[in-house]
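Okay, so chain A shows up in both of these, paired with chain B first and chain C after.
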Partner chain A sequence: MSILINCINLNKKYMSKVALEEFTLKFEAGKIYGILGPNGSGKTTLMKIIADLHKQSSGEITVCGNKPSHETRSKVAYMPTENFIYGWMKVKDSIAFYKDMYADFDMEKALDLMNFMELDLNQKVSSLSTGQRARLKISLTISRRAEVVMLDEPLNGLDPISRTKIKECIIEQFDENSVMILSTHLVTEIEQILDEVVFLGKGRIVLQGRAEDLRFERGKSVEDIYREVFAHA
Partner chain B sequence: MLKLLKFEFLRKKTVFLVACIMILLGEAFAVFRYFQIDESVRYFENGNIFALFGGFLAFLFMILYLIDIITLLRQDMFKQEGYMLFMTPFNGYQILGAKVLFALLEGFFIGLIYLLFIFGNAKIMNLTDFEFIFDLGGLDANEIWIIIKILVLGIFSVIDFALTIFLSFALFKSIFTDVRFKGPITFGIFIVINYFKIKISDLVSSLTGNGSAMFYATTNDIVFNSNLHLSLNIGIVYSLVMSALLFAVTGYLLENRINL
Partner chain C sequence: MEFNNDLPIYQQIMNMIKYDIVSGKIPSGQKLLSTRDLAIKLKVNPNTIQRVYKELETEAVCQSKRGLGTFVTEDDEVILMMKETLVDDMVKTFIEGMTKLNYSRENIIDKINCQFEKGDQQDVNIN
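This part shows the complex of A and B:
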């Protein structure tokens, strides 16, 4: 398996607050990784460093063999938790934006996803509900045939129907040549689709391994392991 | 780069439309008020009324333009929606370059609208003193050169100004990203950069024996520099060098140090 992301002793500080500490991990192609941890554990910081939206304070990172830069951004499809799609756009404008900006954007796939997610192409982004916005964000992100796909809290604030739709989408769209990283604290909802799990607490890796192995070794679901690991967090 | 420019235009489409409608409504109101003024006052004070209107319009356009230049990068750097732009595979220099180019084109467009209003109102107000403007063919080569240089200097000054604002934002979002009191610090950075720019300008001026001063104001009059070409050349080179420096530093910060 080829290594698509290599993090070596990554550290990130915001003033005196440590967001990521000595984070070392290799992300391999063909796997879905779950970065699990409570709020403020460093999940988003890690993703933003990989997406080149934040710079690490120290340590090294390579994405598809290069340091994060505008070049790696062409290989990374990142969906932040924030409402990052311009409110003045219509849904169809946001699709056109992605088509213009990313060579790996699959227009046909995007239109299919919009249909699947029941999104009106002529609706303005600012008038979409929270669930609709989340569905638009994820549709745009996974419509790219990127080597690295990162979804930050993809199920947050969604109704059960939307959650099911998004999970179906993630499984259906996953490409064996790419790596997918999902961050969440809603473990139950997503644990069935994870190959690898990384438990992150206060910026450090607390536990890490294959989801199947951890379940077998501890005789517990990932959700229960999460509760055990972060019982005092 | 063209894709980034296209995006900037699409983003401003509605703002331009609303601004144009508001300006047209304002113009209609101004013309209506003008014809309400007593005819004798209009006869004797027509030139002053026109100058007042032209000055006010220039001030208004300038303010709107400045606000727009400030929001051009600020929106993307300080709002979450900016991720959408900064996640694209364009480097910091390209993103910045598109914004500077857009600011220039926007300035050119605003300038055209301004001239349109000025000429339109001159016609409405039956002002004939401005006919010399249509007589540009009568200018000699030297005068045409001066006009071209003034225009070039104006363009570089706009770029210089826009980049000063952009650099303060970039510094704030990179080196000063983890500090409190965001607003005052950004403004403080802007003041400090301008302070250094003034100091450099003074230095250039003293090194060239005040050759960069275009005119001198006395108590009674404004006297233009006898060598206007030299002062314009110095001004252009200064703005060009300053813009290049500001562009390089801001682009570098956007590409290598940014923390959105």
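This part shows the complex of A and C:
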């Protein structure tokens, strides 16, 4: 299987604070990765380095064969935790905005998703509820036919129905030629859709492997393993 | 579907499909859902379902036909054998559980008979 992201000994420091330490991992196409860890463990830092929004302090990284740059950015769809969609836009304006911004944006897919997520095209973004806003963010992000799709905390603060919808959507839209990376600390909710899990604690990989293997070897759910690993974190 | 946490999900789904085939809920020769459709239905990773179908194929429970999908075997013998294995496993688990509670063979058989009689009575009451 082809390797889409290759991280070798990545380090990231914010002044004296270490955010990521000796992070080495290959991300393969056709797999869904879960980056699991408590707040402040380096999940977002890792995603931002892959998305070329942060530079590593040291170490090597390639995304789709190249060092992160404006070129790799066009192959990476990244959804940050922040509300990055302008409030003055209508839902349909935000779609048009994405269409203008990204060459790989699939209009048809976006409209299908809006329908599936029950979003009204004429509603103003500022008047959307938290859940609706999260659904819009995800829909826009995965409407891009990108090789790398990263969703930072896709399920936080959402009601069970929204979470189910988002999970269904992730499964349905997932493409074998791309890699999907999800970060979360809501493990139970998401562990069934993960191929690989990476436990990140204080910037380091604490444990990593195939979700099914870990479950089998330890006779525990990924959630229980998480609790064990981060019991003292 | 609720998953048991200490067993790989693919094994649980395999057992579920086998159970449905043995009970006749999925008839022999029937086409199974596509990988993605089943993944969406069960809310699991598509690769997990792919593994399920591959393993079922290795066990000759299913056949994949190129470009058409995955089909349940039409070989009654395979289905019969699968039923035997499933039933044996269930009985074995039951006996193990009872033995842990210090039930002897006679006690277990008595208990089963007793339960059946109770069941019969309940049926009568309903009627």
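Rule of thumb we're sticking to: the second predicted complex is superposed on the first by the 233 of 233 C-alpha atoms of A that agree within 3 Å, B and C clash if a C-alpha of one lies under 4 Å from a C-alpha of the other, contacts with A are read in each partner's own complex, and residues count from 1 in each chain.
Here, contacts are C-beta pairs under 8 Å (C-beta built on N, C-alpha and C of every residue); 3 or more make two chains touch, one makes a residue touch a chain.
The shown structure was predicted, so the numbers you read here are calculated from the model rather than taken from an experiment.
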So, after the overlay on chain A, do chain B and chain C clash or fit? They fit
For this session: Return first, second, both or neither, reflecting whether A:168 touches chain B, chain C, both chains, or no partner chain.
Result: second
(request) Considering only touches as defined above, state whether A:71 meets chain B (first), chain C (second), both or neither. (result) first
For the superposed three-chain arrangement, angle chain B-chain A-chain C (C-alpha centres, nearest 10 degrees) equals 160
- prompt: Touching A:100, do we find chain B (first), chain C (second), both, or neither?
  reply: first
Counting residues of chain A touched by each of chain B and chain C, the higher count belongs to B
(Q) Once chain A of both complexes is superposed, is A:80 in touch with chain B (first), chain C (second), both, or neither? (A) first
Practice item. Would you check which partner chain A:212 touches, where first means chain B only, second means chain C only, and both and neither mean what they say? Key: second
Superposed, chain B and chain C have a smallest C-alpha gap in Å of 28
Overlap of the chain B and chain C interfaces on chain A comprises residues none
Chain A residues touching chain C in their complex are 30-32, 164, 167-168, 171-172, 174, 192-195, 212-213, 215-216, 219-221, 223-224
The answer for chain B against chain A in the complex is residues 3, 6-7, 10-11, 14, 80-84, 86-92, 94, 178-179, 255-260
Chain A contacts chain B in the complex at 13-15, 48, 51-55, 69-71, 73-74, 76, 78, 80, 82-88, 93, 97, 100-102
Residue positions on chain C within touch of chain A in the complex are 3, 5-10, 36, 39-40, 42-48, 51
